[in-house]
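Two complexes come next, and they have one chain in common, chain A, joined by chain B in the first and chain C in the second.
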Partner chain A sequence: MISFVVIILASLFFSGIIVRTKSIASGRKGPGIFQPMKDIFRLLKKGSVYSETSSFVFQIAPSIYFASVLMAIMVIPFGKSEGIISFDGDFIFFAYILALGKFFSIISAMDTGSSFEGMGASREALYSLLVEPAFFILMGSFALFTGHTSFHDIFISLHFGSYVAYALGCLATFVLIMIAMIENSRMPIDDPKTHLELTMIHEVMILDNSGFDLGLILHASNLKFAMYGALIANFFIDTLPFYLTIPIFFAVQLIFAVAVGVFESFSARFRMNHNAQFIFALTSIALLIFFGVLMVIGKFI
Partner chain B sequence: MLNYISVKNNQCIPFSSIPVLEYEQFLDYNTSLVKEESNHCVNYYGIRKQGKIVLICCIASDADGLIHISSTEVKPEVQLESFTARHLAFHIFEREIHENFGISYIDHPWLKPLRFPFNSFDKSSGIANYPFYKIESEELHEVGVGPIHAGVIEPGHFRFICNGEQILHLEIQLGFQHRGIENLFLEKKTLLQRTTLAENIAGDTVAGHTTAFVNLWESLCNFSPEADLQFARTLALELERIAIHTGGLSAMCTDVAYQLGSSVFGRLRTPIVNYFQIWGGNRLAKGLLRAGKTNFPFDKVLEEKLQTVFNEYKPDFDEMCKETFSLPSVLGRFEKTGVVTKEQALLTGAVGMTARSSGVNKDIRASHPHDYYQLSEHLPVIKKHGDVFSRAQIRREEIKQSIEHIRKLLESIPDENKKRQELNPPSSDSFVLSLVEGWRGEICHCAITDENGELTHYKVKDPSLHNWLSLALAVRNNEISDFPICNKSFDLSYCGNDL
Partner chain C sequence: MIIIALLLILVASFLGILFLKVRYKGILTVLAVFMTASISGLYAIKVLLGGNIEFILSGTYVTGEIPLRIDALSAWFILLINFTILTGALYGLQYMKSYRKQAINISLHCLAFLGIQTSLTAICIVQNAIVFLFLWEIMALSSFILIIFEHYRQEVIKAGINYLIQAHIAIVFLYIGFIWVGVRMHSYDFKAITEFSATFPQLTSLALFLCFFIAFAIKAGFVPFHTWLPYAHPASPAHISGVMSGVIIKIGIYGILRLILLIHTDFVVLGVILLIISAITGIYGVMLAIIQHNLKKLLAYHSIENIGIIGIGIGLGSIGLGTNNYLLTTLGFAGSLLHVLNHSLFKSVLFFAAGNVYQSVHTLNIEHLGGLVKRMPHTSVLFLISALAICGLPPFNGFVSEFIIYTGLYKGMLGENMFPAFVMLSSILGMVLIGGLALLCFTKAFGVVFLGKSRHNSHNIPVEAGAGKLIPMYMTTVLILAIGLFPGFFIQLLSEPLKLFTAKLSSPANTAAFALNISETIKYIGWSSIGFMALSGIIFFLRKKITNLHPERLEPTWGCGYTGETEKMQYTANSFVRSYRKLAKPLLSMHKKELIFDTTFPGKSTYETAPNDKIEEVFIDIPLKNLKFFFGKFSFLQNGKPQFYILYGFVFIALVLAIPYLYDVIKSFIAFLNQL
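This part shows the complex of A and B:
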């Protein structure tokens, strides 16, 4: 329960911190930390406009997408305390409930019949497909390492004892950060600020969404960031008492958001055809983690 | 009799001195001229005259700084052999002639409408019923972009035929901004109205088009501009080049999502355009240049301010260039993207920055100098690869070069001529052609007067007219997601094309 609450709290300021970091990096003052949330509340108060060519799929998809992210957040534990839902194999549930949400966002983009949105949907589907093995090899390795298959059990029994294990923790953090960037269509895969439909991935899929629906989609993206931040934080908070873990959690979220902002300020986006290679490279890093685990538990060499 | 009359830039000649050839001879002569790499067509257009169409072709020779002008008379209902079949660079001019007068060509490859003008020959043809180029295929898909631009700049329609992410073909259809500028030049009778029209041909090339107009008008009125007028025009042209190129670099960084470059170059552009405000009261240099006079004389105080602007601009610009042009993620997007080969640039008759980035030496400042460019030799910046990176480099180098130019200009500022003569009325039955190297490339204005010295025809050619085809060729086999950066690297004008 506690994880659900802190993730929701973190999601309120996450994108605000990214925007602020980027503003400061480019020499501007920038809007307040809560400006993105104010924008979302403004959208939530509005009604939605639906094109005549779209069907009911387009209307239900944003809600399903938002709900899928909330469900995924529910399985994430917080140190000693379990998530709202916790069972053996819940990380598979986590991955596929997110995939369900993504499936609906893809078919709703196709539903509009716009040539841009079809293109965006095909890109999003391709990159999600490529990122899946990285996530499963990563979580599978930790399941093998700890002998458990639920997030909560994995994280509480994950004690770093050796240098190899620390190295694994760092690699896992890197992979999770990159997965979060890809899942949220941020740099270097996608440029969330662009106004050019032809270069967009995620943004182009939501061109036709408006009002309440758009608000849901935008906030789902904040929630996803906070959710991956929480997964990363779980690597470090161990089983410490709450008065330590909660500050550590918010510190991790803050560092994560600032890192995203700094990275997005000082580099250019990848060329679209390099994205696939880049995402595959994540899988190979996840494989490194897998071999590392095999070494640690002595099944290899 | 000679086939042609050779004139210098801004030289006024009697209209009757332009030789009238038979069409076959006209065709053979002009197409044989452009076989030389140093010759290119600066303007080819038609005017109505007593039920006939007079076609005037102006070929500029870069080697000797002359422009060879010849003409022919044809009846509108005839079918002609096209220039385009012999040299592709003529395609756009013949499309315009076909659209305006209904002259048909037997071997023109594609008489695609240019801008759907008000005075077009075939009133039934419009954008609403225009048949776009199609490919029958299950695998390929079409993407239509525009006419409303995502960044709400100017309208233009781009129709892509793609194989997945790869562009096979791009068709560009413009004309949404057609205002009938050329006819307005004839309808508006006062000089001020006409100067204002010239200022508004393209909002990003105010100094370029206005210089072309005022030089042309002064030549028509047999007025030779004094040093202070020439100085102001040259300075305005170079300042405009610096301002727009800096803005161009900023926009190119934006298109590859490089935030630092985007914001720093964007910030650097501001003091330059603000300097126009200090000098002439308008950030776009509107109102600054006038035929036969100046309302904003340049003096020592203005010079000091300009030196301060440059002293602050230059170090930041150099630092940001060093950063941008060595950042792997930016180079990864710029290099080998949107390549125009030298052959393509010559074939399509590219001009200006686009031509120079592909290794074609075309620069009016060097080949047909006007104003202060006549005093010093200009060495054009040439790049070889023709990709987005070359076009970014051209911008960087030309900004540095322009700053040098201006610093040299500022060493001796001519005094304002207080006893300036009034402009004479324009000479009668005359023809003038004015070439100016704007920041985008070669601008050409042509005017013809009647026996009372009234304008009977005015023709404007923006460099974009030549260069849009280069963009369509450059994006072939590139990814569709790279189209915006290719488009921005050319930075062509929509309204300059649509007029």
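This part shows the complex of A and C:
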């Protein structure tokens, strides 16, 4: 329960911090931290314009997408306390429920009958397919490392002992950050600030969404960031008491957001046809972690 | 008694179908299907709740005693076969209305339909090799007749003959297997297989298993034995595709499972072999499904993919048997048995939906479809639900079975040494890729066929299918949802079939705790799925409330400032998968034909792609071409002159007579040489 609350809280600030970092890095005055949330609230209160081509799919898709992200957040534990939903193999449920949301966002883009949105949908489907193996292997490695198969059990019994284990933790954090960037269509894969439809992925899929639906989709993206931030934070908070874990949690989220901002300020987007290789490289890093785990627990001959 | 009653129903309906008017033939078939299904279903339910049924028929001199055994495994298969056959018959009743003029053809079709139901049910029961082969042949022939309903179309008859040949190759392997056992054990009872594997070394049993496995793999469509499948499904009428993909290919899975129950061998090796073949099958099936342009062919390749998932479950279970691990055995076989049921449900709905599309638009080419969601709302919703289920997404049934297999794979990874961990990890990787690719494939299929605008100017406006077609689809969809939301109940049903498998373990440790743990987890999934649906409902309700307060407008789709919008500007299926196709290029075989203008003024340009099956090319087309080339060298023999043919006959007889003489000559010559 506590994880759900703190993730929702963190999601309110997350994109504000990214935007603020980027404006500081580029020497602009920039908007305040709350500006993105203000924008979303404004959108929620606005009327909508729908495409003539669209059908009921276009209407229900944003709600289901948002619900899927909320559901995924419920699975995530917080230190000692379990998530609202917690069972053996819950990370499979986590990945599949997110995939359900993605399915709907893709078909809602196809529903408008636009050439641009179809393009974005095609890329989104391909990239999400390529990024899934990395996540599953990562979780598999930690299942092997700890001997458990649920988020909560894995995180509470995750005690790094050797230097190799710390290296693995760092690698895992890197993989998770990269997965978060890809899932949210951020910098090395997709540039949220681009102005050309042909080079967009996520932004182009939601060209025809407006009003309440657009607000939901934008906030779902904040939630996803905070959700992956929470996963990363879980690596570090161990089983400490709450008065320590909650500050650590927010510190991790802050560092994550600032890192995203800095990274986006000083790097450029990949060429579209290099994305696939990059994403699949994550899977090989995850495999590296797997072999590292085999080595640490002494199964590797 | 029951058998006589069943036979009476069959004979009566056979005669009835032959002599009734066209209109009543179908109705009679459905009635007969319903009656036989309910009789065998009742027995199956009884068995599934505990207890076995065994009759021994006295049989004939040739066959020996014919044991009829219904155990929980047979019962599970009988139930799911009869359900899909029944919905298929109901759907077919409406689907065949447009073919009423072909009265004789329809009688044959109805007879074959009854034949397939009877033979499939009987295959699950009969445990005598000779009768089994006889029934298997009836099944192969009746499905051949069902496939070639539209035999006046060339591609249909071609697909049918392709199927017939491959089905008989399967039968040859079955013959070899049964004769092998029969010769050694002097018995055609299935129990002889158990005795066989007890008396001979494990390696021999493994070879026997592989021999049977090839036969069943051809039926089930494991790669590289799958090549008949993508032709047969598009060729047959929609209800037959649904039944074929739903249950006929599953009889191969039944065979494999039955054999695992009977045989004793090195189950770890067997499991690893199965895992590897299945992972390849799954990935290859879905990889080819993505690039198909024909909706039914796409679905056919998905059957191959799902057979792969089922196979991964069976492989996992076998490794569990081999390592004496109760948890893996249960999870593996439970996952695969449940997935057999799940696949038969969503795949039949998908094929029926494709049938609705075909009968209303008269094409299955995805590139020509689009925008059907407004014209055929029921069909699109049903297709969407089944598409989500086949991708294994919660809250539908596909997720439950895939989740069980995933859990098993993760648990198996925690074993003692490195090798299983690695095999399990590769299988997980396979499952994840299958899931992701399926998502790509079905967003394409649903997005292009049902959403957007129509891509082709056809003369007739598509209309929604009638209630007669939709009701069987809704029946199946209810079950899809029920399994997704209340999986605990269905897992409970599986407990008897699973006991058959776990009985093979030598000393299962604290089984009750494990079983409880699993069913708790499964129930948790059901509740989470219900919670998810409720959450989506609440959010959608709030959205409705809030958006109703504000004005809504309809405008054309955003075209980046371009106002002359046309349906040709939509993304096509081919372009949707273009980046995937480029990535997977080395593994695929695409035939491209393009004509691109290079003059100053644009002329007509065309671009065509035809997806081919690379494994089919390597394993079937190229050897066939070489064989043809080799035998072509002897074509001078076939010169069409009767005198020559008589001469060949004479030469043949002379050779046959001369061989023993020549043999003697050679022998005496060698003896003479030895004396030197």
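The rule is short, and it goes like this: the second predicted complex is superposed on the first by the 301 of 301 C-alpha atoms of A that agree within 3 Å, B and C clash if a C-alpha of one lies under 4 Å from a C-alpha of the other, contacts with A are read in each partner's own complex, and residues count from 1 in each chain.
Here is the rule we go by: a contact is a pair of C-beta atoms (placed from the backbone, for glycine too) under 8 Å apart; a residue touches a chain by one contact, two chains touch by 3 or more.
Not measured: the values here are computed from a predicted model.
Measured by the number of chain A residues touched, the leading partner among chain B and chain C is C. By the touch criterion stated above, A:241 is placed in contact with neither chain B nor chain C.
Contact with chain B, but none with chain C, is seen for A:268 once the two complexes are overlaid on the shared chain. With both structures placed on the common chain, the touch criterion links A:116 to chain B and to chain C. With both structures placed on the common chain, the touch criterion links A:197 to chain B and to chain C.
With both structures placed on the common chain, the touch criterion links A:22 to chain B but leaves chain C unconnected. Comparing the two complexes, residues 115-116, 118-119, 197, 273 of chain A contact chain B in one case and chain C in the other.
Chain B makes touch with chain A in their complex at residues 141-145, 150-151, 165, 253-260, 262-264, 267, 327, 329-330, 332-333, 337, 479-484.
Residues of chain A touching chain B in their complex: 22, 25-28, 115-116, 118-119, 187-188, 191, 193-199, 264-274. Of all the residues in chain A, the ones that touch chain C in their complex are 44-57, 60, 62-64, 66-68, 70-71, 85, 87-89, 92-93, 96-97, 99-100, 102-103, 106-107, 110-119, 121-123, 125-126, 128-130, 132-133, 136-137, 140, 143-144, 147, 149, 197, 207-208, 211-213, 216, 273, 276, 290, 294, 299-301.
Chain C contributes residues 370-371, 373-374, 377, 384, 388, 391-394, 399, 403, 406-407, 410-411, 413-414, 417-418, 421, 425, 428-429, 432-433, 435-437, 439-440, 442-444, 446-448, 451-453, 517, 520-521, 524-525, 528, 531-532, 535-536, 539-540, 543, 546-547, 550-560, 567, 569-571, 575-580, 582-583 to its touches with chain A in the complex.
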